[in-house]
Amino acid sequence: MQTLPSTNRLEAFSDGVIAVIITIMVLELRVPGLHEMSTADAARFDLRMIAVYLLSFVQTGIYWVNHHYLLEDLKHVTHSVLWANLMFLFCLSLIPFGTQWIAVRGVNPYPVAAYSLCFVAPAIAWVVLSFAICRITHVAPANGALIQTVSAVLNVGSVFVALRMPYLALGMIGFVAFLWLLPPRRIVERTRAAASLHSDSR
Amino acid sequence: MQTLPSTNRLEAFSDGVIAVIITIMVLELRVPGLHEMSTADAARFDLRMIAVYLLSFVQTGIYWVNHHYLLEDLKHVTHSVLWANLMFLFCLSLIPFGTQWIAVRGVNPYPVAAYSLCFVAPAIAWVVLSFAICRITHVAPANGALIQTVSAVLNVGSVFVALRMPYLALGMIGFVAFLWLLPPRRIVERTRAAASLHSDSR
Amino acid sequence: MQTLPSTNRLEAFSDGVIAVIITIMVLELRVPGLHEMSTADAARFDLRMIAVYLLSFVQTGIYWVNHHYLLEDLKHVTHSVLWANLMFLFCLSLIPFGTQWIAVRGVNPYPVAAYSLCFVAPAIAWVVLSFAICRITHVAPANGALIQTVSAVLNVGSVFVALRMPYLALGMIGFVAFLWLLPPRRIVERTRAAASLHSDSR
Amino acid sequence: MQTLPSTNRLEAFSDGVIAVIITIMVLELRVPGLHEMSTADAARFDLRMIAVYLLSFVQTGIYWVNHHYLLEDLKHVTHSVLWANLMFLFCLSLIPFGTQWIAVRGVNPYPVAAYSLCFVAPAIAWVVLSFAICRITHVAPANGALIQTVSAVLNVGSVFVALRMPYLALGMIGFVAFLWLLPPRRIVERTRAAASLHSDSR
């Protein structure tokens, strides 16, 4: 009997790519050269860069956590899931590029707009991936429609806001990240149910 | 009783290498320095680079998907499979090098020819790996002879075309990628059979 | 029945991130340009850099080994464990940044203080992660309170010492690393018990 | 009953580190700038660099294959195995550094001697790791004493030869790589035995 390809390699590969994406951003944190800046300027620059890096890290982390939840109910992969996942990973890999843009050009209108765009791309790819997987599992995505809509509006809006007020745009992306830090309701319920089950069977 | 080395580590290691290759290319997407280019030039340059990066990403993704399919029927590894796989990974790791070449020198005859060559190397290594694995599994590779031949001709041809018409050569590589995006017939059948089986047993 | 998310992906992802962190530091080891330094100067510079790189590598290795021990008793993950772990990985990813700082600016007060700070961050994140996990497993962390306190004092102290005596600060960080190289008592006992068990059952 | 830590995470982490090491070397393959070199010079430079990169890749690949064989009989890990493995990985991560050295400074006495030294370090760490593991498994390492001795002499010798004849030193390292490409006898026998067993039970 022929078995269906399991999700093991899909998970392992995605984990590998996201691990590289999330750690490669630290390479963007370029230490300014010795003679080019005063120590105080360098310290201020570094703190701002660490803040932007933290934002990118948290956004990428949110995708990893939700990718984790999304694949939980998936038992086998299909060609279209493999490619929807690859396209999602491609869009995700633009985040270090956007982060580096700010690192090189500073918190200015054009770079921050590019940075915002780098979050719109994975958001679209995420919706496509969710649909491709839900078609197989027949389980609705764990994330509600409300949070999806609010963050879509804020995400797309931040691209335009960035052209006038780059710091406000960064704040909007940060607020989206904050919204997603809370666990989705279904995960909370499932965790509680399973935990009580486990403590019973111990 | 002595057990045979399983394919677990081969898969995990290959996934790791391909994950690094596919994400390291984003590092090639260098943001041009602040004073060197106008904003419009930079935007045009970035879009072209993102297109080339997408092409490299899709090509590498195709290899990952097919590597996935190729190893499905393999139950144990041998010394020659380990090395055929390592040589395949080596050739694959030339793709970021070719991508960077274009990123640094632009879409010109010599760089695009080098870029095309970077796709011929993994194609040859892929054939060697397929043979090494099929000798053990006694299962014919999932990809038909027709697509193999067509893409071999286009791949090798693009090296020479690049010397006169670099954009046409990139188009040829893109067309090869397009051909491989469709799932191989055997995978489609197997997926369908297994899916109906799974839905029965649910 | 719904199963709880297992620790497999958490472990795999953490291993991926730490693997990238630990090897990406080698990229900081920049070879000085041909014309800028004499061969003797370059050799001295390289040896000092390899020593700092080894220190960062051992510190990161210590976290990996203890992360390994910490997760051993964990059977399922929760949303808060996922995020405590991500924050720990974020703090850990600052180590290559601190290492690069010294590589670029040399063993001077300000860079070494920054380097020391890069070890305080993961130490705090580690305590948070330990608590998040112990709340679930009801197993006390393997590392004793004494070594935790001593290394906390030395870690924080080295930030201030660095401003006057950078080499002493590096020595303090090295001493903390040395303290953690010994296996925690519980691991030793468990290993011994299990080893004797295994040799019996053979 | 308490179980002993399995080798799963040790294998996964080592695979991750070696995957990063082996692919990060492609980053050393810097494309020379547009105006600095003629096309012919660049092509010659690139071919030589690809050859050195291939040598480093094969050497690292040899360690991965043998690491694979070494861990096959290991059922559980101890604190000393974890650290012997980490030290081995540290020494292995010096190979990209040595490779970059030649990439920046060319095939000259001093860089090639440094490159040779980068192969002596993992060779010593490998012997330590072998001993740490064989103490637990009570299985002799798969690699014979003859090949170990010959390659040790050639490895150490190449450091000194490099100071007079750098190309000969590279040849010696290449010859050591060639010696290790053949599968160790025990692996051949085991593979054959297991393969015939598997074909019987099919």
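In order of appearance the chains are A, B, C and D, and numbering begins at 1 in each one.
Rule of thumb we're sticking to: a contact is a pair of C-beta atoms (placed from the backbone, for glycine too) under 8 Å apart; a residue touches a chain by one contact, two chains touch by 3 or more.
Please read all numbers here as calculations on a predicted model, not as lab measurements.
Overlaying chain A onto chain C using CA atoms gives a rotation of 90 degrees, to the nearest 5.
Although chain A and chain B carry the same sequence, what matters here is overlap: shared residue numbers make up under half of all numbers found at their interface.
Of all chains, the one whose mean C-alpha position sits at the greatest distance from that of chain A is D. Rounded to whole angstrom, the centroid-to-centroid distance between chain B and chain D, based on C-alpha atoms, equals 25 Å.
Inter-chain centre distance (chain A to chain D, centres taken as mean C-alpha positions): 35 Å.
The set of chain B residues touching two or more other chains comprises 12, 16, 19-20, 24, 27.
Chain C makes touch with chain D in their complex at residues 11-12, 15-16, 18-20, 22-24, 26-27, 29, 31, 33-34, 39, 46, 50, 54, 57-58, 61, 64-65, 68-69, 72, 181, 183, 187-188, 190-191, 193-195, 197-198. Every residue of chain D that touches chain C in the complex is listed here, in rising order: 1-5, 9, 12-13, 16-17, 19-21, 24, 27, 75-76, 78-79, 82-83, 86, 89-90, 93-94, 96-97, 100-101, 104-105, 110, 114.
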